[in-house]
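Scrolling down, you'll hit the structures one after another.
What follows is chain A paired twice: with chain B in the first complex and chain C in the second.
Coming up: the complex of A and B.
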């Protein structure tokens, strides 16, 4: 067992014990959709950062969604709820009293679905930190890494299609043209993929489970590689699988950003009424794929350049 | 075969109908693991780091060349010669020498499966006909010995034909070609499937009247099925099966020893491949294939045609004189099969080293009463172990060290090592130098041929009797190469200078009957060749190939055709031009120096030129596309091909292709 896993296990154990002994007077309640690695890493960072910011460990409570649903009792006396993941956000959207909710570790469309299900609007009492990055940032990365690229190939699915109008506008202002295809209810996506790869300099993948999943990824990556079109993806798993690079936020970065907002809320500052973009990110590069495509890229340098462009600290 | 295909089709349709679970986007899409796809063996070495000279013919080149088969395409590769004659089963192609009527000193792979013919002395001619041109993604031609990676048959080079992935050929597509010289080709393809599995079935036929002066009527009929399956844990499974039959005419009018008659060569194969990525740095692959081939070639020979002295001797044995009912069937009929199982493990050992190693078992069986005077199977088993270490010794130096150990159940063991270094002098400039040693064990025919004419228990004559003491022939290759990529001028250059020292050359001894095979003289093939590609203006590309090939100098060599098995000088120039209105023009010219014809003797030495023109117009209506093209082959004078009596006349044909 790695040291990191052991650490996670201990934190997990500590959180469970805290949960068991939880009663009145708790101030931060974390409701997590799952206990797999990404959620645990976000929780661990959130916990550590809050503790470092002076929140007493006994004032941080971790619940699973079923635990919270079984007893959404105001006796938690939460000052702030942090909903990690889509399920937690949907559950808390259903009833969180007057306690403000910060949803994190979820993409924008999941948050909007949670709002829509309960006829809510984003406000300082129900807000989010999005996991997916602004299109502007993603386009800037492509421009930095592949300055020769002119045409972006995009394969739309039912979820990602919602971003189509925004991408069309922003790609045009960033100097890219788009080569688009959608599912259109077709039984398979490969004719569309062929169409998109024809004449595209970059295959720009936007998360959509009907387009990008473990069943489709082999065919997609082999096809894009055969066409010598680099794929820019949205998670490091795709880079490991064979995409050229990805722009993504790690669970630790999510935890850190959430902790900062929660601490401000505990000090009396309302949560931001507008959902927040991630304020930090990583750029992963598959150096073997880059070499095979005759490219030399460094993820760390790209990240720093991108942060500098955005004047991030 | 038909039943297997039907059941596969049923599986395919069932797979396609499986329901999809609709899930909404969530954070899991950002954090879930994905199977590794582009693992180490799927990321090929760039051309300037491969341990040898490689020419790649891509799909666009193939289409625009106007060629109707792979052998004809290979004319356009430096150092290659090809024929369009079907006289020995199928058109031949050879590298650095068409030494005889069968080309058996190079390897041909179709999707990794070795397709040389165990029946036809290891000839690659029939194997080059395995798939329809429309199904080929690209052809990688490794110019130079490559036994360290591809085994015994890769003595002088390797032609690696890769078919298109089935996900790229979904939908329907068809083409027809018709024109002079009886050219009638037709092809139909259907591709279907979903993200978990895709399938392709292609049927095609290629036919023409052959070379003027030959007993033409050549027809190739093929079907090929390929399926690709993906599992969510990262396995890729491929299944292929197919069949082709080549009907061709042989013989000459008025030649009683070889009258006009028809021959048929038929081949079936099935192949299964499995690939698993263990990590980005490690993967495993396994492959199994079975192939069988059958050749029918016979004609009646009246014993009244025997010399009178032989007839008198026969009459004494029979107690009567020979009459017109005494017919002997001259035959070359027989069959062969092969089974191959291979395993390959590829991994990166640190940042500078990549290793591939594995093993292969191959079993070949040949049987022919006509060729071996027995109906028993001649079985040869090969066990091969191979490995290659690619080591980046310095940021600008890549060293490839590899070897293959091969054990043949008939001729014993041989080791084929190779060492090659590529040095990137400057961006876009690479020098390559290296040495290798390879062997080719004799084929079953060369080792065991026993062609005797027996009629009613009476031995009329012995045509060929192998002595059986043949040893593998070997080649030691030393080469220097240069690769230049100058994108600012639209130029790329590939130069190879080499010396290929052949030892124990296996030659047919045919001065007197019975013929036999023996390890003959040692000699060297040396020379240089280059390919220059230039894109001078929009839509244009010139490809210039030139080769200087010098085969041996010993007097024993020059008395037969061996010294002229390849032209000393040969050039091809191809000009591609695409105009803004879509018109696609290809003009190619081949200038071949003096060489013997592959199917003829020393006296057939001659030079020839050939010029081809192709005009193509793209068709498009809605989402559908296609092309109509006119091709004229050999605009100039007829030239002799394969045999002095066979001529390649000018021929024009029209091709219509539709994609749905």
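Coming up: the complex of A and C.
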């Protein structure tokens, strides 16, 4: 891991040096919110893909949000910005000039908040690749993995509540009934959780930091486990913590998708006006939990089945 | 510091380090142990609080009071836990267990806290309960501006622990420590006592040995030898040397004792020899004097009787010479008698005040004839002074001194004078003569018995040399100092010092034994008991010459026969030593019984035995020593007839 980080750092350094002498108009500037493993992985994949696509390494510039904020002047000669993470997206939303911006590695709610903060609308000059997946895909996964499930338990938070109408419609069409709670925004989520779990076949977690965070997740998982209700989450970390499975996109997949869009933009094709959903995903399964719940699931099989259903390559 | 004996010192020396080390170790280990216990107690209660917080986490998350109650009740099972409470994030108490604590005191806090109530020995621990954070490498979470990422406090657990068990443990540990220390000290004492005994015992034994040797008990050395178990003792050499020393000392002492015994034995033998010699001398003297007295006695009486008869002038001169010779012989015998009585300490001193004048008059009367015969001038100055002395003994001194002076003076005279000295408290009587004097080298010897200056030929007319010896002994007896001053060829002066007293009534006229009174012996009847025929016939002749009717008896039987025949004597004169072992005292008493009347009686004896004198005095009889002077006998008879008691000068 350390070696990998060192390697990444060297790469970034090289990119920085290269950027100084690059000619204008052909540069890709990556602004990263953080340097954690997920961001590094995404950055690496993006850089690798771009390089493979013919972009000279000196034309790829890697900046942190503070670096970019210190000098937001377009002296960077950027032809396209890639904003990794919510912070970078919000920062670039504030002033990217005429240079198109592709935000990646952020949930839909964050992107929408960034747009909302700067009174923008998604366009080809400021678009995104969402981290979260379409409700349809997730419901399909639940159907695939747990064919007997009929009722979905959902706990809404302030962020996730925006998806409620869409979920209600999709669930109905997918043959699920919903057991909802948490709409009133009470601070104590246990009674709501208790209520949701009562009479639900599956607990469907939708990303919301107020509801699902590192402080609450253990007790929530404990409660679901006690209630013998499998939880379907949105991140592999939840699966590691005790959720049954999750549908998610890896940073590598994000990086690859972003690289494709950036290369297209470099060739002169504008960025898609509508924010994109991830075109690839992974299904993680906690086999211990599955065994405890008397289930036999395989993430790879489920992924393939799901891609087949969506007619993805 | 008080002086300690060796045992106490050794014990102290051995014990002090043991006790100190024991106490120090106990103290150090106890303190360390206390720290450990305290530390582990703190860790335990902290971990109990944390476990409770963990256990309460889900209960607080789920607000499950039943579950929380179970948790707090479970915590109470720990004996040190007294009270447990769980509060939720709003500070409301969800579960309580235990008693004795007021829930209102509780304060909701966000930090670990510990308070100790020393009075109730309670530790109060507050432990906040946080939700267990799981690191979610989550892109979603970061996207939210509303999530601060800090752990969320679900509530608080408050636990009260009692330190009583801890205190009890400390106390028991303290007791154990004290017990171990005590045991260590006691063990140390026993060990020290045991070891020190091995050293002290020989020392004490040696001390005891030296004490015994010091007391002279040398057998202690053999005791040392007799104990074979002493081998290998620390002081064996010392004891062995002591033993040898004691042995040598013992031998030296034995040798000394043997020599002393030998010397003592030799001395004793010498002493016995000397005593035997003295006794032989005394016996010889007594026998000789007794045997001499009888014939002298008789001779005196015969001569007196002879003088009473009518004679022609030539015969009368012869008889006069005979009387002189007899008197000289009697004087010699009297001197011997006086010496023997003084030697026997049979003379009793009767001190009384009297005038010297009477004594001097008697002296002149007695010695005037002697002086006149030698053609000497005897001057006795009259003296009005009274003295405190024994008149008879003092007269004997003066008689001897003056007689002696007359004897050794050929021309001139003898002077007797007295004078008051020392402002009238003392009187000096001086006897002066113009005689041959005494050489200075002889002046010490003149007081010895049988010493005579210038009489190497032992002319018995000059006496036996007893006079000055009698004088000196009598003066010592009376405590009258006697001084001698003499120049050869010029003369001699004797000075006698005695106590002077103021004059009283006229002196009793006792110093006049031969004073002529009315001679009333005519017709008196006297019974004479005498076994010696010669003496008896002399006595009978003498008494008959005085006109006395004499009855004579050989012994008791004769006397009893006479009394049986109707004789009633006025006086009994008896010899002391009679035939058939009778003695005069018993005979007189028997005759008095027979006569049923205490007839006046006197004894005559040639013995100078002291016991005889005492016996006679006890029986109330006057004892006359042979040879008896006829004048003295006559005077006594007169007194007895007159019914007067015997006089002192007749002793």
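Heads up, the rule we're going with is that the second predicted complex is superposed on the first by the 285 of 313 C-alpha atoms of A that agree within 3 Å, B and C clash if a C-alpha of one lies under 4 Å from a C-alpha of the other, contacts with A are read in each partner's own complex, and residues count from 1 in each chain.
By definition in this document, contacts are C-beta pairs under 8 Å (C-beta built on N, C-alpha and C of every residue); 3 or more make two chains touch, one makes a residue touch a chain.
None of these values were measured; they are calculated from a predicted model.
Of the two partner chains placed by the overlay, neither chain B nor chain C lies in contact with A:94. When the shared chain is aligned, no partner comes close enough to touch A:54: not chain B, not chain C. When the shared chain is aligned, chain B and chain C each come close enough to touch A:234.
After overlaying the two complexes on the shared chain, residue contacts for A:199 are found with neither chain B nor chain C. Of the two partner chains, chain B is the only one that A:225 touches; chain C does not reach it. Shared-chain residue A:292: touches chain B; no touch with chain C. Counting residues of chain A touched by each partner, chain B versus chain C, the larger count belongs to B. When the two structures are aligned on the shared chain, A:190 is found in touch with chain B and with chain C. Touch criterion met: A:209 reaches chain B and chain C at once. Residues 33, 36-38, 85-86, 105-107, 109-110, 113, 131-132, 159, 188, 190-191, 194, 207-210, 212-219, 222-223, 234-235, 237-238, 241 of chain A lie in contact with chain B in one complex and with chain C in the other. Against chain A, in their complex, chain C makes its touches with residues 57-58, 61-63, 130-147, 149, 151-152. Residue ranges of chain A in contact with chain C, taken from their complex: 33-34, 36-38, 85-87, 105-107, 109-110, 113, 131-132, 158-159, 188, 190-191, 194, 207-210, 212-219, 222-223, 234-235, 237-238, 241. Those residues of chain B that touch chain A in the shared complex are 16, 20, 22-27, 29-40, 42-44, 46, 137, 165, 167-168, 170-171, 193-196, 198, 228, 230, 232-234, 236, 280. The residues of chain A lying in touch with chain B in their complex are 33, 36-38, 85-86, 105-107, 109-110, 113, 131-132, 159-160, 187-191, 193-194, 207-210, 212-219, 221-223, 225-226, 234-235, 237-238, 240-242, 248, 251, 286, 288-289, 291-292, 294.
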